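Let me give you the structure first, and then I'll get to my questions.
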Amino acid sequence: GKASSADTQSSSAPMDATLNLAYQYGLSYAPAVIAQQQQYIEQIYHEKTGGTLTINWSQMSSGADINTAIASGELDGGFMGAAPAITGVTKGLGYKIFTNLSGQEHGLMTNDSSITSIGDLIGSDKQIALVNTGSIQHILLAKALYDNGYDAHALDSNIVAMKHPDGKTALESGAVSCHLTSSPYIFVEKTNPDLHELTEVSDSYTAANTFIVGIASEELVNTNPEVYSALCEGIQQGMDLINSDVRTAAGITAELDGNDPEVEEEYLQKGVYTAETSRLFELATFMYENGFLDNDPLSYENLVFPNVSGN
Amino acid sequence: MKKKDIIAKILFVITLLAIWEFVSKNHLLGPRSELIFPSLEKIMQAFVSNFTKGYAGISLWTYVINSLKLLLKGLVIGILGAFILSGLATLSHTLASIFNLLISVFDLLPGVALLPVIIIVLGVNSDVIVFLVIHSVLWPMSRSILDGFMAVPKIYVEAGNNIGLKNLSLILGVYFPASISYLLSGLKVGWARAWRGLISAEMIFGIASCPGIGLYINQMRTNMNNAEMYATLIVIIIIGVIVQYGVLAPIEKNTVKKWGMSS
Amino acid sequence: MKKKDIIAKILFVITLLAIWEFVSKNHLLGPRSELIFPSLEKIMQAFVSNFTKGYAGISLWTYVINSLKLLLKGLVIGILGAFILSGLATLSHTLASIFNLLISVFDLLPGVALLPVIIIVLGVNSDVIVFLVIHSVLWPMSRSILDGFMAVPKIYVEAGNNIGLKNLSLILGVYFPASISYLLSGLKVGWARAWRGLISAEMIFGIASCPGIGLYINQMRTNMNNAEMYATLIVIIIIGVIVQYGVLAPIEKNTVKKWGMSS
Amino acid sequence: MSEYSLRIESLSKAYFNDTESSIILKNINLSVRKNEFLCILGPSGCGKTTLLRCIAGFEEHTGQIYVNDSLCTVPGMDRIMVFQDFNQLFPWKTVLQNILFPLKRKGINSTAERKEIAREALSKVKLSDYESYYPHQLSGGMKQRVAIAKALALKPDIILMDEPFAALDAMTRRELQNEMLTISQEESSTIIFVTHNIQEALILGTRNIVLQKGGEIILDEENSLTKPVTPNSEGYGAAWQRLRDAIYLSC
Amino acid sequence: MSEYSLRIESLSKAYFNDTESSIILKNINLSVRKNEFLCILGPSGCGKTTLLRCIAGFEEHTGQIYVNDSLCTVPGMDRIMVFQDFNQLFPWKTVLQNILFPLKRKGINSTAERKEIAREALSKVKLSDYESYYPHQLSGGMKQRVAIAKALALKPDIILMDEPFAALDAMTRRELQNEMLTISQEESSTIIFVTHNIQEALILGTRNIVLQKGGEIILDEENSLTKPVTPNSEGYGAAWQRLRDAIYLSC
């Protein structure tokens, strides 16, 4: 049966509520993971209302699944890449972005010393591994091409879709020439002397720009503002911890990300964790104009809830 | 009798579709459920647009053709492999027991967990997908063949031995026809396995230069184009039904049924 | 005879391990291949650390237990469902032919493509995983049972009819035992299907409150802990081998072998 | 109720293959009285088994078959068949279980009673020592004897026996013939018995019919020899010759 | 080469079950001359089939079996077996194909020749009209006749026949008996023939043995009656009585 979404009608304990959230794998989700582990959202809710908030966290492996779950009303919110979130909002799934979550480093790495720029790849049969066609990495590739005066889809047929770890394996074993990846894989690959970066991608969209966002259903915002604000604040608190005390934050997430605490700390420092979006609307417009999106995003306000600032 | 069955099948399908349409039209599962249960009309439109518009300027046809090539390749290799291994297993009790262990172990391993090894050995090309299809087909198919061979009535094997059949000639002359109903059952399972293996392989591993149906579905999922996704499933179903009733059923009719080995 | 087989199996496993170690130690597949082919020693260490350290402060045990619960639930429902449907199919030719269509169609559908419908009906909870396991088990298992029922020698059915067996009593009294070798074969396939279905379901869909082995593998993959991932596969293999040789083989010995229905 | 336990009216049976149909039984009319012991003779392939299968309810056919005056279309426990095939026992049950199971179906609820009946039947066919054997551990003749024991234990209205003694040695055969005679005299069972052995038909039958190739009854006569019949019985030679001639003619 | 086509030396055979072992054949010694027609009689379950299966090479056993002086451990085309079971034909081959296939295996490469041989064999068993039938479309007796035809067509050194005529009517049986006599006189085949019919043994055999329960040969005698044997042949009655007594004793 359906989980009762943010259900406050219960007569016995009027302030008790339930929240269904989903996130994905990796340190891009660190603020959400910290909020989950430290139960920030529950605590804030309790302080504000005196009620108990129960959160059901799910870990899904793609934004598409989170979109589906929200569309069917089974999730109240979640965290996903900017691209699927933009798709979801413009598709009318009934949610908007309630916060920026993180920006991360991306980069196009190659093992082929004869290649020095993405222009060298065009027209070749060199393969580029990235997570999926239509993924944020694909869009970043297209954007880098576009920004450098090429057709945004010039390298589409060079793409092979596979998960980051498989792409890393493929790149290092020479099975593909290039790998467009994000943190933390990009950090590891950058330490490999046999590989070098084609910088167009990281130049055109940096770690400062919106990568992962939090989304919340309109229904939640409308019917349960207390839960919504606890959610916003709890996530903010997660980001604050990373920004103020990265060592403690790393201590919380290190094990989950499978890293040593020192390494985790270093990685976290390379990410940008802020609630403010950056170049989100530009990304959406680019997606629409280059066929990654069916519907016109129209305006920034159309994508985010009023409490979100940025562009 | 046969006509009755066909009518029953058609009625059954119509009922299923009617239920779908009812749920869709009445928003029975929430206000936004038309995204998840698009009306049949929308699905039919998506069906057409899959073939006319397609994705990234490529018609679904191309995806289907690409996939069918890989599917067939994997299926054929998987089936042949299963036959060769099961055949070897009839030669000696020890081989059979090793092979049984092999199936029991490898059939459990998720393809995605083998991906690193596969990529290193095969590189990044469509062979990886073929390999994953083989991995989906080989073990259950071998299981069916092996168990079918084990269940061959002793008297047929003895009658075969008696007229000098040994090894390969015994396998082809006795084990194979005598276990035909297992083999067909295995073939049906293998065929379905191959499809599902293919699609999940193409989902975790998509080659843009040779885009397949799994990539297409993934794409439609990513873009929340559920109508198009269901329309793609319908294509899979149509191919499946053609194979079932155009290939497998006639084989069945001309073997097990004709030979009185099945009711 | 039996002892010889056990020795052969052990030798076979040792050979496989030796090949792995050789490839790993000699970096046969590129300088960094130890990441993909970690040495056996590393895998054994990872095996231990899986259980002591685990992931997210939770030992692999917990993941395994969670998964086994869902697996069993899905397996039992899938098997029972397959029996009920196949049983119904023995009642009438029309039902059988509808059911055949049903299997041919649904067995082709990738679980991930059904996810929207499943989520809207079941919500986001472990039932979704159970459902995906059922979807993996039900169709191939039904196929085996149905084909097994079809292959039951006519004379047993007639002998059953003759002593007044009908419907359920005929299914339980004749179809079931007479097709036992199909059923066991189907059970083996179903068991493997269930595992693979479970793991891929848990990979696309992990419930934080009930984390399973698929989530664990995904995590190890994401974190590039290949040794831990292989060590997890070994756990799966051990469970599989225990079930094969501790449950299925004894059943086989006490039915088909004892009854002279298998060589 | 009429005096007939079995009435067959214009029974015809054909098998349809891809192209042609072959008529096996042609317009058979046959009424069998209660407690009659009807032996069916005829050349190999003339349709004896098919006739028994029609009566047992296993085959579609035209015409009507009445058992105790009620129309019969499906198999039932009132007509127990001993098949010609050696593999009619359930391989997953032991010899004893193969007999106990139908007894349970028949509604004999006491386990002890069932066992007693089954063991008595087994001892009649001289297989008491084999009750825990599985069918695949038996010889051909032993399997047939278990099937016979099963039918005897069930005491149905009509026993249909398809060459039940063909695989038995002379002595066992003789003993079981005597058993059948006793049963047909003491119980009210009607027995329909296919055999190739003319002597057997004369010893057992109260009425003998000969089926000819093409599916018609070519001879149908009461067996008026007084029991017990031996080759020295009065009229034996003539009766033997009549049956033999009919069979030879019918091929 | 010796005069024996088959020599069995201290053959014993036991089946092992979970707990107990049952000895079926006990220390059998038997030498069969070329072209001999050996009939084996004995009560049901005494081990006749088991003995044939040992000779055919299907069973593990202790002791040695020599065929034409070479030790024999595996099945081979020199010893063709007609099984007791009705389901010995390959159900996936038609009647004709069931006979053609072994002929091809035997090395007769001309299709026309194979067909001629097969059709001749089929006409001997009176099944010419059924060559395109599948086994499941045949009656019990017809299946057995196809199996007999197959063995005859192959002309092996040794034919092993396990109650081949048990399911046949008197006339067909008589005809096939004559056929066997002709073959044993005209061809050089050695025939080992299990039967329950004493008369048949006397008509066909040049030597008859009786196996007793427990697996020993209780009687082994040349059949000195002059062929063709009828119940009126000199010495028939005495020979019949000897065999019958041995069988009765052996149970």
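Before moving on, here are some points about what is shown:
Read from first to last, the chains carry the letters A, B, C, D and E; within each, the first residue is number 1.
Note that a residue touches a chain if its C-beta (ideal position, glycine included) is under 8 Å from a C-beta of that chain, and two chains touch if they have at least 3 such contacts.
A quick note: this is a predicted structure, and the numbers were derived from the prediction, not measured.
A turn of 180° superposes the CA atoms of chain D on those of chain E, with the angle given to the nearest 5.
The leading chain pair by number of C-beta pairs in contact is B-C.
Because chain B and chain C carry the same sequence, their contact can be compared by residue number, and over half of the numbers here are used by both.
Distance between chain B and chain D, defined via averaged C-alpha coordinates, is recorded as 49 Å. Centre-to-centre separation between chain A and chain B, using Cα means, comes to 35 Å.
A straight line joining the Cα centres of chain A and chain E is 81 Å long.
Chain contacts: chain E has residues 85, 87, 137 touching two or more partner chains.
Within chain C, the positions touching two or more other chains are listed as 29-30, 33, 36, 116, 119-120, 203, 221, 260-261.
Residue positions of chain A touching 2 or more other chains, listed in rising order: 62, 68, 71-73, 163, 165, 169, 173. Contacting chain pairs (ordered by label): A-B, A-C, B-C, B-E, C-D, D-E. Of all residues in chain B, those touching chain E in their complex are 153, 155-156, 158-159, 161-165, 169, 173-174, 177-178, 180, 255, 258-261. Put simply, chain C touches chain A in their complex at residues 29-30, 32-33, 35-36, 55-57, 115-116, 119-120, 122-125, 203-209, 211, 215, 218-225. Interface residues of chain D, counted against chain C in their complex, comprise 56-58, 74-77, 79-81, 83, 85, 87-92, 101-102, 105-106, 134-137, 154. Residues 15, 17, 41-45, 48-49, 84-87, 137-142, 145, 162-163, 166-173, 196-198, 244, 247-248, 251 of chain E are the ones that touch chain D when the two sit in their complex. Listing the residues of chain B that touch chain C in their complex gives 1, 4-5, 8-9, 12-13, 29-30, 33, 35-37, 93-94, 97-98, 100-105, 107-113, 116-117, 120-121, 139-140, 143-144, 147-148, 150-152, 154, 157, 181-182, 184-185, 188-189, 192-193, 195-196, 199-200, 203, 214, 217, 221, 226, 229, 232-233, 236-237, 240-241, 244, 256, 260-263.
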